[in-house]
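Two complexes follow with chain A in common, the first pairing it with chain B and the second with chain C.
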Partner chain A sequence: MSQKLRYAYYPGCSGQGTSKEYEQSTRAVCEALGMELVDIPDWSCCGSSPAHTVDHRLSSALSGRNLALAERLEGVSAILTPCPSCLTNLKVSAHKMKDPEFAAEVNALLDFPVRNTLPVKSILQAIYEDVGPDALRPKAVRLLTGLKLAPYYGCIMNRPPHIMEFDDHENPIAMDQLMEAIGAEAVTFPLKVECCGASFGVARRDIVQKLSGKLLDTAASNGADAVVTACPLCQMNLDLRQDQINVANNTSHNMPVFYYTQLIGLALGMTPSQVGLEKLEVSPMALLESLPARAEAQAQAAKKPASKGAQS
Partner chain B sequence: MNVIALSHSQDRDFIAQVEKESGQNVSLCYQCGNCTAGCPYTFVYDIPVHQMMRLLQAGQKEALLSCRSVWLCATCQSCTTRCPNNIDVAHIVDVLRHMARREGYSTEYGVKSFVDSFLESVEKNGRAFEMGLLLRFIGKTGRFWTDVDLAPKILPKGKLSPLPHKVKNPEAIAKIFERFRQECQK
Partner chain C sequence: MKIGVFVCHCGSNIAGTVDVVQVAEAAKSMPEVAFAKDTMYACSEPGQQGIIDAIKEMGLDGAVVASCTPRMHGSTFMRTVARAGLNPYMFEMANIREHVSWIGKDKVANTRKAIDLVRMAVAKLAQNKPLYSQSFSINKRVMIIGGGVAGIQAALDCADGGLQVVLVEKTTTIGGKMAKLDKTFPTVDCSSCILGPRMVDVAQHPNITLHASAEVDEVFGYVGNYQVEVRKKATYVNWKTCTGCGACMEKCPSKKSKDPFNELIGTTTAINIPFPQAIPKRASIDRDSCIKFKTGKCGICAKVCPTKAIDYDQQDEMITEEVGAIIAATGFDLMDWHVYGQYGAGRYPDVITSLQYERMLSASGPTGGHIKRPSDKKEPKTIVFIQCVGSRDKSVGRPYCTGFCCMYTAKQAILTKDHIPDSESYVFYMDIRAPGKMYDEFTRRAMEEYGAKYIRGRVSMVYPQDGKMIVRGVDTLAGAQVEVEADLVVLAVGAEGAAGSAQLAEKLRISYDSYGFFMEGHPKLKPVETNTAGVYLAGCAQGPKDIPSSVAQGSAAAAKVLSLFSKDQLQSDPQVSKVDLKRCVGCMKCAITCPFGAIKETEVRGEIKAQVIETICQGCGICTSTCRQGAIQLQNFTDNQILAEVNALLSSETEEA
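Now for the complex of A and B:
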């Protein structure tokens, strides 16, 4: 980590709206960890899922414009984005453009061509690989001991593996380890890479209610107090739509859904408003306030068997 | 169960076209069903994904382009990741959806309208504009009650800007769409 960490940064559209708190906490955490994010000048929408469902050249061109802009920046080692949907689009475009024929078709739609010189990674990957849980641990001034989290990666952060090239595609662990480094506990969560209903919330809400409902049920039955995620769409489906889900499925979840960057930020000593906790729909404040007492109880419980052992 | 008279209805050009656009060899599928086993959307599909693969091998163009499943696939990549023959199944479904769109099918009108609204918003502003996108969707579908229950939750949080976050030079993005349309007409 002696070398300066400097990256081209692609914020993504949802960061300007529905996932403002992700954007805010991402920037704050990266700064605190010594990762310099250089915004891609005048970045535009990557096309998200809608573009690739219409045509791959169009989708790659919309992403490609941003790749090309990032390549003009000096001294950056990779293009980073917090959003898995943007990540997929940018990575798929870069991957497909390794084929010269396809690259030519895409470049014909652009003002200036993509040279395909920079790797594209998620912020999660950069924090995990370039900083790492071991370097994060000593920086945590406020451990989140007692907090039980269901680590939810979403369906496309790690899949398909030949394109995403990060972590395990069935049982990813990067976020688990980062959460453990700040004192929280990652509970067993078998649906780490299942789909939440993606962008069907508007057109086919029934789909989101079923799939996200299953995620919340499974998180709860595995003892999680909250879900931690790295995806704006997953977060919105699970958090903003939690009431709709409860009504549809006759459940009563009241489960906070954090961005992992918000929790790292808290552990690094930031205030709740610095990481945008008030922007979450299901308030996590009561849960967070209960943590010191829980940590105390855990410490007591840990002492007990030891003292018993000493007596006998 | 559907019985298909293969000798009459197998469209070989269609198979070749899908293989060309997706870069996949559809004959590699041996119908193990792994893709369907992991597909979270089977519960809303009219044709499960392994059966789509079988229909594709049988060149059943009409059945595939008119089905709901092509519109409801979320490209979650489960099938692609788990296919023992390394077939990029999600890519094939994506290509079928492109073809269905080009040939004028819109079996899931709501889904198609959402995609159209999204891209119109990007073409106009250079970035996706959530509030505008929702209004466009409502305009297209007449579903004026869409997510009204979310408004009191999200509006006070200052997340949804009433005005689009435009790029400095939206024409640059509009030009990408324009050139794309010209290419499609060639």
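Now for the complex of A and C:
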């Protein structure tokens, strides 16, 4: 990499609690990939789901405050956040503030105005675009060969496309390619951008059990050993609620649900505790321990048809 | 000069919001005006007679009619003025309906504006000069571009009417989209059985010259005298000696070539005749898949050909056809449905287009008329039809209705039940559009007799699971989400103008819309004409339409050509550009800007001058605004005439101020 990658970093509230392992592995992986994350000083809540359902101006002001703080950092090329929900709020408010009239209304609520100069990206987009699968591949010291993953992006990482401006909104491939770069296999997973039920887990658990159950069913039927996600809420619904889902749907899934940063971290040589694997509810340890044997079997299987072809 | 002004009430259309009596009164004091009067309907028989009487009685030199648009009645009143014995160009029109009464409610302001417009028309008319048409002879041959059912109908009608017809077809056979269809709605009769004989008629008609595997390269000339450069694309087979025996196809080793006739669901040989009823029944080589062209080795077709027709060195051949009229019947293509990511964007083999399904249903298709899904060649039991894929969908830039999909989907649902009696068909639709003769009855049959399950709603997603295609959509009548586990999904993909239609429109100098459909002269009253004289439209090239409508329009275009050719000579429009030789410096900027190639260089007493070819000039006036010397002037729209109008307008403003 010719130039130093330096970004303003917005951790988001999930990273302080329910998705500590995402936060931990994100920081570790970025450091290992030479991406400097500068925390936005005194960052505040992005507004999450409630704010924009009540008042667009106030919601934009909540995100706007963080945008304005980030713009005062020196030498950063973008604002990054691991959480798709934070990403949506930051990007939507930056998008809406392109309208000068709206921007003036929001800026009136802030201590200092948003200049709207820095692009907002997900950590996934930054790793995919600024580092890229090709640069990641040679850095992987422990390939995850034999691991079959259902890449699950969640419903808002890529949508609406004209605001998120990243990857295909029906069939995204960034995470697929990153996982393949570290030796894993991304299985066909048609529900990449389907809804997991999101925060309905609190109010209407049955909805999450139905929707997330479908995701697990589809991942399993397509041969995945595990799901890999990029969203704290998706991960929580699929992992923490997997027992509830199994009971409600009469299934017996035992499917680990990783953050993609955890798997990249492992491939870069980090220990399970460095990437917070112990925080996962469905333990991935047995699966990960079986990988060397699977890799061996896969290599044997790959040899056979090749030798057959040579004979004929 | 003595000018008469006639202000039309148009019933209450104008008089309702314009004080027409006051307009006529004001006109009386305008320069050169000798007579002014209001009239109830200027275009009616007594209205026109009033104009004629006034001209004759008062000895008027010209007339201004303040009424509707020149497009509506300009030619009507020009004929009126001519009947009164004046030159028809000694006439001006002030549009006080569309430009005044219909767009404003303030009667005082409207009246003032109407007076201004009349004053401008009067000022211009004072500068008008008589203009005279020229006669020129016409070439009574017609070219038809596109050999689908509309082009075939137009060709046969013209040829039966005694005209010499040149039919140009892009692919190696005529037949178009209709030749790909298995059956036709609402009669479920075999498509190739009704089209085939017509194709044979084209081949055998003594008045029709067919150029297949040919495209229009350039078009020169004007109505009555077009020269069309046609590129006959190399087929690498000498069609004069090829008998269509098919021996080459049997022996060709490259059997996995793309088969566009079968919509890529089957494969064909590199040298092929697209289908058994092809006209002309001649073989051609697909360079991209031919082993001889790719590696230099093979040549089997040349060895087996009994007439030695194979010619690997064949080149494109250019020919020039001289014709008096052109019918564009270039048809449609399916829009690129891969923009629909939610339907898999082409990633799933068992999501196919309706035209691919049609080839599967056809007994002469690649599956021999057996419905087999592409992924595993198994017979599907549950088939989902999704309507309006690229129709009535602003999100993909296709706001229009393709119009025939509702009908062919009903047909395909019926045929599916015939082919696989224990199958189930689901149709997701927005509305059922079946406004033809026996059409609605037909869609009801699909539902009631053949049990097709119609679900009113859009499909949000199609995805594979456990060997099935899960189709998720909404049933808006039940207000519920529905999921269907399908074996095969058929998309009713919308139509757009055929590939290359925009380029052809540029060559023909006709208008086209952003979907590649050619623009007709008037949406209601000139459905087969274009704004370029001598160029007509037929079939889906003008807009999506079903077979009966395409055939009707083919016949209509033929009738237009026959009526055009019923005269031996045509009158030219004298409203063309004219060069003032004294002022022209021969810079030839006008020739460069002329979009019609109507200006040529000439030499007058050793000096280079521009010269307008009057029969080619369309009177657009671009040259006039280009010429710095003001040497080239559009007759009836000269700088002096336009300035007179502007001055009249400004003088009224200074008066008011």
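The definition used in the following text is that the second predicted complex is superposed on the first by the 307 of 312 C-alpha atoms of A that agree within 3 Å, B and C clash if a C-alpha of one lies under 4 Å from a C-alpha of the other, contacts with A are read in each partner's own complex, and residues count from 1 in each chain.
Simple rule for what comes next: a contact is a pair of C-beta atoms (placed from the backbone, for glycine too) under 8 Å apart; a residue touches a chain by one contact, two chains touch by 3 or more.
If you're wondering where the values come from, they're calculated on a predicted model, not measured in any experiment.
S.K.: Quick one: is A:Thr188 in contact with chain B, with chain C, with both, or with neither? Answer first, second, both or neither.
M.R.: second
S.K.: Of the two partners chain B and chain C, which one touches more residues belonging to chain A?
M.R.: On the superposition, B touches more of the residues of chain A.
S.K.: Between chain B and chain C, whom does A:His169 touch in the aligned arrangement: first, second, both, or neither?
M.R.: Touch status of A:His169: both partners.
S.K.: Counting only touches as set out at the top, which of chain B and chain C does A:Thr218 meet: first, second, both, neither?
M.R.: A:Thr218 sits against chain C, while chain B stays out of touch.
S.K.: One more residue to check, A:Trp43. First (chain B), second (chain C), both or neither?
M.R.: In the superposition, A:Trp43 touches chain B alone.
S.K.: Counting only touches as set out at the top, which of chain B and chain C does A:Lys210 meet: first, second, both, neither?
M.R.: In the superposition, A:Lys210 contacts chain B only.
S.K.: Based on the A-chain superposition described above, do chain B and chain C contact any of the same residues on chain A, and if so which?
M.R.: The overlap between the chain B and chain C interfaces on chain A comprises residues 169-170.
S.K.: Going by the contact rule set out above, which residues of chain A touch chain B in the complex?
M.R.: 13-14, 16-18, 20, 42-45, 47-58, 61-62, 65, 105, 108-111, 155-156, 159-161, 169-170, 193-195, 197-207, 210-211, 240-241, 243-244, 278-279, 281
S.K.: Of all residues in chain A, which touch chain C in the complex?
M.R.: 168-171, 188, 190-191, 218, 221-222
S.K.: In the complex, go through chain C and note every residue touching chain A.
M.R.: It comes out as residues 341-342, 345, 347, 463-466.
S.K.: Spell out the part of chain B that touches chain A in their complex, as residue ranges.
M.R.: So the residues of chain B in touch with chain A come to 40-41, 43-44, 72, 74-78, 80-81, 88, 90, 94, 97-98, 101, 108, 110-111, 113-115, 118-119, 122, 126-131, 134, 137, 146-147, 149-150, 153-154, 157-161, 165, 167-169, 172-173, 175-177, 179-180, 183-184.
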